[in-house]
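Input: structures, listed below.
Presented sequentially are two complexes of chain A, the first with chain B as partner and the second with chain C.
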Partner chain A sequence: MIRVERRLGVPRWLPYVVPVGSLVAAAVITAIVLLLSRHNPVTTYQQIYQSAFVSPGAMSSTFVYATPLLFTGLCAAVAFRMKVWNIGGEGQLYMGAVGASGAGLALAGLPAPVILLAMVVAGMLAGAVWSAIPGLLRAFLRTNEILTSLMLNYVAGLFLYYLIYDSASYWRDLSSPSAKVFPVGKNLEPSAAWPAWHVAGLVIPMGFLVGVGVAGLLLGVIKLTRMGFEMRVIGEAPAAARYAGMRTRRAVAWVMAASGAFAGLGGASQIGDFGHVLDPRGLQQASYGYTGIVVAALARYNPLAVVVVSFLIGALTNAGFALQGPQFPAGLVGAMEGIILFSVLAGEVLARYRVVRGRPSAPPSEPGRSGVEVDRAEGVPGQPVGEVAP
Partner chain B sequence: MSDRQQVEPTGSNLADGSAQEGPPAREAARTAGGEPAAALEARGITKRFPGVVANERVSFAAAAGEVHALLGENGAGKSTLCSIMTGSYRPEEGELFVRGEAVRFRSPRDAHAAGIGMVHQHFRLVPSMTVAENVVLGWSQRSRLRFSPRSVEAEVAEVAERYHVRVNPRAMIWQLSLGEQQRVEILKALYREARILLLDEPTAVLAAGEVDDLFASIRRLTADGGTVVFVSHKLPEVMEVADRVTVLRRGRTIGTVAKAGTTPRALAKMMVGREVDLPEKVPDAGAGERPVVLRLEGVSAAGDLGGESLREVSLDVHEGEILGVAGVAGNGQRELAEVISGLRPSSRGRVMVRGRRISGDPRAAIDAGVAFVPEDRMGTGVAGSLPIADNCVLKSYRRRPFSRGPLLRSRVVGAHAARLMDRYDVRAPGPRTLVRQLSGGNVQKLVLAHELAEDPALLVAQSPTHGLDVGAIDAVRRVLLGAASRGVGILLVSEDLDEVLEMSDRVAVMYEGRVVDVFDAADVDVDRVGILMAGGQE
Partner chain C sequence: MNSSLAVSLVVSAIIYGTPLLLAGLGELLTERSGVLNLGVEGMMLMGAVTAFWTAQRLPGSGPVVLVAAIAAAAVAGGVMALIHAFLSITLRANQIVSGLALTIFAGAAGLSSYLGQEWRLGGEAGRHQLQALNVASLKDVPIAGPILFHQDGLVYLSWLLVIVVAWYLYRTRPGLYLRSVGESPAAADAMGIGVTRYRYTHTVVGGALAGIGGSYFTLALSAQWTDGLTAGAGWIAIALVIFAFWRPGYLLIGAYFFGLLSGLGFDLQARGVQAPSEFFSAIPYLMTVVVLVAVSTGWAKRQLGVPAALGTPYAREEGS
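Moving on to the complex of A and B:
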């Protein structure tokens, strides 16, 4: 019989070993899945490694997938830290893309830095406005933000389709006859494309660097500022926060808005760094918003860890797309992500509990111990047991 | 109130009762003579946690048929010892014996199997399930496949009958009072054939009448040859129910005494380590002359359930004065305290602090100089999962020197926390210790520390000593008296009438949301206060 017991003390090495062990466990479980689907795990892992990091251009395209995950990961991390459950990163990213592409189109002809800045601001603003809806509802009307933010994802997705497919909107390209038949978005001017950083054959998109900067800034805010202190208290003990005179409702609304702004920045980066056009299908295909929640959870809501985790999950996603085909089903990468998340969460439980084998009965008393040595007259050595007889 | 009545043990009939069963006195003699084994014995138990030694070579032995009290202040190591005896913790040193046999528990299951049951202070019941289902949960005597509610109910009813535990096996847990829920917990232990029952602060959640029922069950159990280990820090009830008492202090055994051979005073001294005379306020005749810090004019407020819980209350508190508010729980005292501290909006009337009107905003109340010690100190007064240092600046983090611009200066905060811990005697390894690891008394000292560090004009203290042990009560009272002598006006809300009478210059009595009368503490008529609290006219 196997049972689970709470750990009495946590050894010093455990917090470091557990995450590594979880990843190894995930690899083993995935290998079983691969074997069952008649793939050779070793070659598959090699292929994944190759197409994520080694092959020509692989590293650069890993950055392409990591960038939006970095933003949606930060989006989830900042809100979840305060126990505000923003599940709407997906929709907020769409809205950021709408805002940024709108700004890019509207400001065509202006100097590139102006357009770039406007796109960043417009993307953040659009994401923030979108997340402020569930944020304000939660703060002032006590609605459940999980439901509202989730449902707004669908609204945002439909809004994207409406802009490009179902209306003659500002974003839609109506200049050519073919575009009227096959709806597409207007292309942004080259001056609206964000610069990338080329080092040693590697292309790092500006968005990723901005994301790293945002993560650092966020960590600073959390660790060093009054605002971070308030976030901690509000998240951990809302009643104490109110008692301490903190504006808890305002803080919830602001954190929600900030969270949406990060996702919106991710949407802006999708337009500025990669797409240069508002493309509903492209944005929705990868569900970066939902994967961002996984990223945040794996990073335990730590902004700097989000950078690392988004890069790793980005690599996995990249490999998945690169290998996708008859030999490599598209769902496999999703399954791997799920297995990794599951293993890491399970690992955290094991860090606090341990599995014990054996019968759940009272251990037999040790022979020779029972009765014979129980000498009551002596009392217990070293103990001032004062028996006061009545 | 109930404590008052219990202070002098209404001993005679009780003592007679236990003499009939015989066990305590004889048992004590026999153990000393080295004959039969104790039902449960701990020998030289040592358990360390990071930064503290919770138990250091703790020993005691409870005989069969005996109520053995474990008496000690909060943090004396009683709960740790119980956790060890029920298999939740493993001791680093020492041994446990059950009926003379050495045992080593790897989990609570092992302890159950050895016949040890525990009733925790916070019940572990499933509210949406019936009594019978809770009792058999995880421990059905039958096969797991054949589970019929009927047979389980019958089985549980039979056990309840055998031990005279009055409870309906079909009732849902959420329908039961706390006293009844406790009976379910006891029943759960008995169903698992526990012969040794550990009760952790069992009276903390009970109403006065329910305490008597509990004690009756305890006596029936021991009359039947069972053993009850009664963990408490309350002297009066230990004197009422225990046969022998083992006193713990700071993780060590101080001694075991027979109830018949000791007095509450002697036990208090063993428990605290010195003579305890709780400090009292010397009524201050001149207080009324000094400026008013708090004035309530016809204040009304809604309760949590909507109805009006506070009705047209008018009161003044002067500088350096302690105004005690007496009343049975639930007569508007909590609403009163919350309105003054801004946590609850008033529906009518005015709340003025030093001439400034405040309403419905905790921040405004804080800025006006209102400090508040809330009833729910762990959930509201502190953030338990944060370190002491953060909690020390719970309200003052907004201002210099703790923050400068948007930045919080953690070094200044840490130094401030160390100073407050020292000044208010908050016992913990250091400012980084998480507050939830502190004992109740230390949490309350921490709340007082962060409130009084702000130099308030008014302190609203709600049940500030509720649930604390004697040593902590002593400390809290001294802090309150010290604050009053520095000129802080104090509104002391307490359900403990003795405390209100001993600590106040004036006493206001509340009934059904109204202040029915205000007396000078110097010439208060206790009987009349009692009548007013109960809603009587004169």
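Moving on to the complex of A and C:
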């Protein structure tokens, strides 16, 4: 019989050991999966390392995948911190791309900085509006936001297909006969392409730098402002927040909208930095929204750590696409991301608790420790019923 | 509306609703024990891929192979659920993140896709498919015939399971214990009920049913394997459990309602209704949102049967 007992005091090394330990554990478990399916884990890991960091252009291409993950990671981090479960980063990213490409097309001819700014704003707005639907429903009707935000991912995905493949929408290129038969989106003007930073042979997309700035700003808001404090209280102890007179509903709705705005900015960057055209398949191929959840959890929901982790997971995603083929197992990257997430969860718990085998030892008599305190200190969502109910 | 159209709509509702019903019943049992498992989509895909592999590779006659394929799907789903059970029950990890992790791990871009490629299932035409049974030779009876007496084995199994689960929950002692574990694990524990054991058992059984639900995709709905072919059915199944107020009978109605919506697009398009196909495809997802909003209203809240301890891990106070 395995049991876990709470440690008294959270150790200082926790923020570092858990993510690093999780990655190591995930690598070991993935190696076992590879061995079981008769792949050589050493060769596979070497291949991943090569194509993520070493091969010509590999680093720049890792940035390409890290950029959207940085935004979807921030999207998940800001919401999950407050125990608002926005699983809709995927759809919010699509909508951000729709908004940004729409703005880019509409403003063709204006000076580049104006277009750039409009794309950023339109992308963030579109993402925020899309996430405000589950956000407002959660805040004012207590509708389960996990399921509503997730369902809207599928709707947004279908909307993309509708815009490009099944309608004569503003986004679709209908100027040539071939474009009428093989549907594609309208290309944005070169002036709508975001500049990139070329340094030491690397190409760092502007979106990534913007993301770093947003992450820093977000950390400042969380650590230094009253809003950030309220977010923490509402996340950790919603009842206490209500008694203290905090407007929890409003905060939930705003955090959900901000979360969607980050994903929407990721969508804008997909258009401005990379695609320059609304491409449903390209946006959907890497499921950035879902991977963002892995990024956020591995970063322990810390915005600055999201920057670092998005680079690591971006490297993994990059390698997955570079190695795609009959020799390289298709779902390996996704499975590995799942294993990383499992390891993070187990790691969080193991760091806070001691594993005990057998019957519990005699309970230490600690008068004055109430059940409420134990619940809170467990660091698990001691949620009231309504948090998972509609 | 003539009767043949109505009958064909009901039949398609049953066919498309069956995987939702099976997976929903599983999730209902899991949630009744107080464990929320958001990994249904991943477990269904694992069930779908293992069932298809078994059906393609196992020699033998059709019915035997199909039973083995369904059993394999149940095992695959159960094993996946065991991961979630260990993390959320033993380690008391966050159930929401653990369930999401399971869907990412096993889902459309994860292990199910990995296995589909390893087993080279992509593009293969299915060897064995579930055939509709002609029960008591009554399939030609008007109206009732095609609906009640001409379905495949998994449909009949799902009907049986609705009855069994309802009977188990409301008429047996373990069912009563299960409900008490989901409502108040501390009280159940004080009564001497093994909370951990109940939660493990029902999480794993829930996973097995999700796996069987997934197998319906590769064994009946489409005779092939493609990555992510469940297309969100697992998530709709979770929503259905809420929609059904955690009651098996309502779950049957809800599953067939969503089955009807899923089949409706094909039916309407076949009958020449003009609208973009994306619109029909989006109906089940949009309707899930609408239904979730509807059950959030005050009236529905009073009817709800949400297990009070859903989503919260249980730890005895002693020594913690």
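Odds and ends about this structure:
Note that the second predicted complex is superposed on the first by the 333 of 390 C-alpha atoms of A that agree within 3 Å, B and C clash if a C-alpha of one lies under 4 Å from a C-alpha of the other, contacts with A are read in each partner's own complex, and residues count from 1 in each chain.
Convention: a contact is a pair of C-beta atoms (placed from the backbone, for glycine too) under 8 Å apart; a residue touches a chain by one contact, two chains touch by 3 or more.
In this text, all values refer to a predicted model and were calculated from it rather than measured experimentally.
When both complexes are overlaid on chain A, the residue A:Ala297 reaches chain C alone and has no touch with chain B. Of the two partner chains placed around the shared chain by superposition, chain B is the only one that A:Arg247 touches, whereas chain C remains out of contact. Once chain A of one complex is fitted onto chain A of the other, the partner contacts of A:Val233 are limited to chain B, with no touch recorded for chain C. Between chain B and chain C, it is C that contacts the larger number of residues in chain A.
With the contact threshold set out at the top, residues 3, 5-6, 360-363, 371, 374, 380-383, 385, 387-390 of chain A are in contact with chain B in one structure and with chain C in the other.
Those residues of chain C that touch chain A in the shared complex are 36, 38, 42, 83, 87, 90-98, 100-118, 227, 231-232, 235, 238-239, 242, 276-279, 281-282, 285-286, 288-289, 292-293, 295-297, 300, 304, 306, 308, 310-313, 315-320.
Those residues of chain A lying in contact with chain B across their complex are 3, 5-6, 8, 224-229, 232-233, 236-237, 239-247, 356, 358, 360-363, 365-366, 369-371, 374-377, 379-390. For chain A in complex with chain C, the residues that touch the partner chain are 2-6, 33, 37, 80, 85, 87, 133, 137, 141-144, 146-148, 150-152, 154-155, 158-159, 161-162, 166-167, 287, 290-291, 293-294, 297, 329-335, 337-339, 341-342, 345-346, 348-350, 353, 360-364, 371, 374, 378, 380-383, 385, 387-390. Within the complex, the chain B residues that touch chain A are 25, 28-29, 31-35, 37-38, 41, 43-44, 57, 59-61, 88-90, 97, 100-107, 109-111, 113-114, 253-258, 260-262, 341-343, 361-363, 365-367, 372, 374, 376, 379-386, 390, 393-395, 397-398, 403, 406-408, 410.
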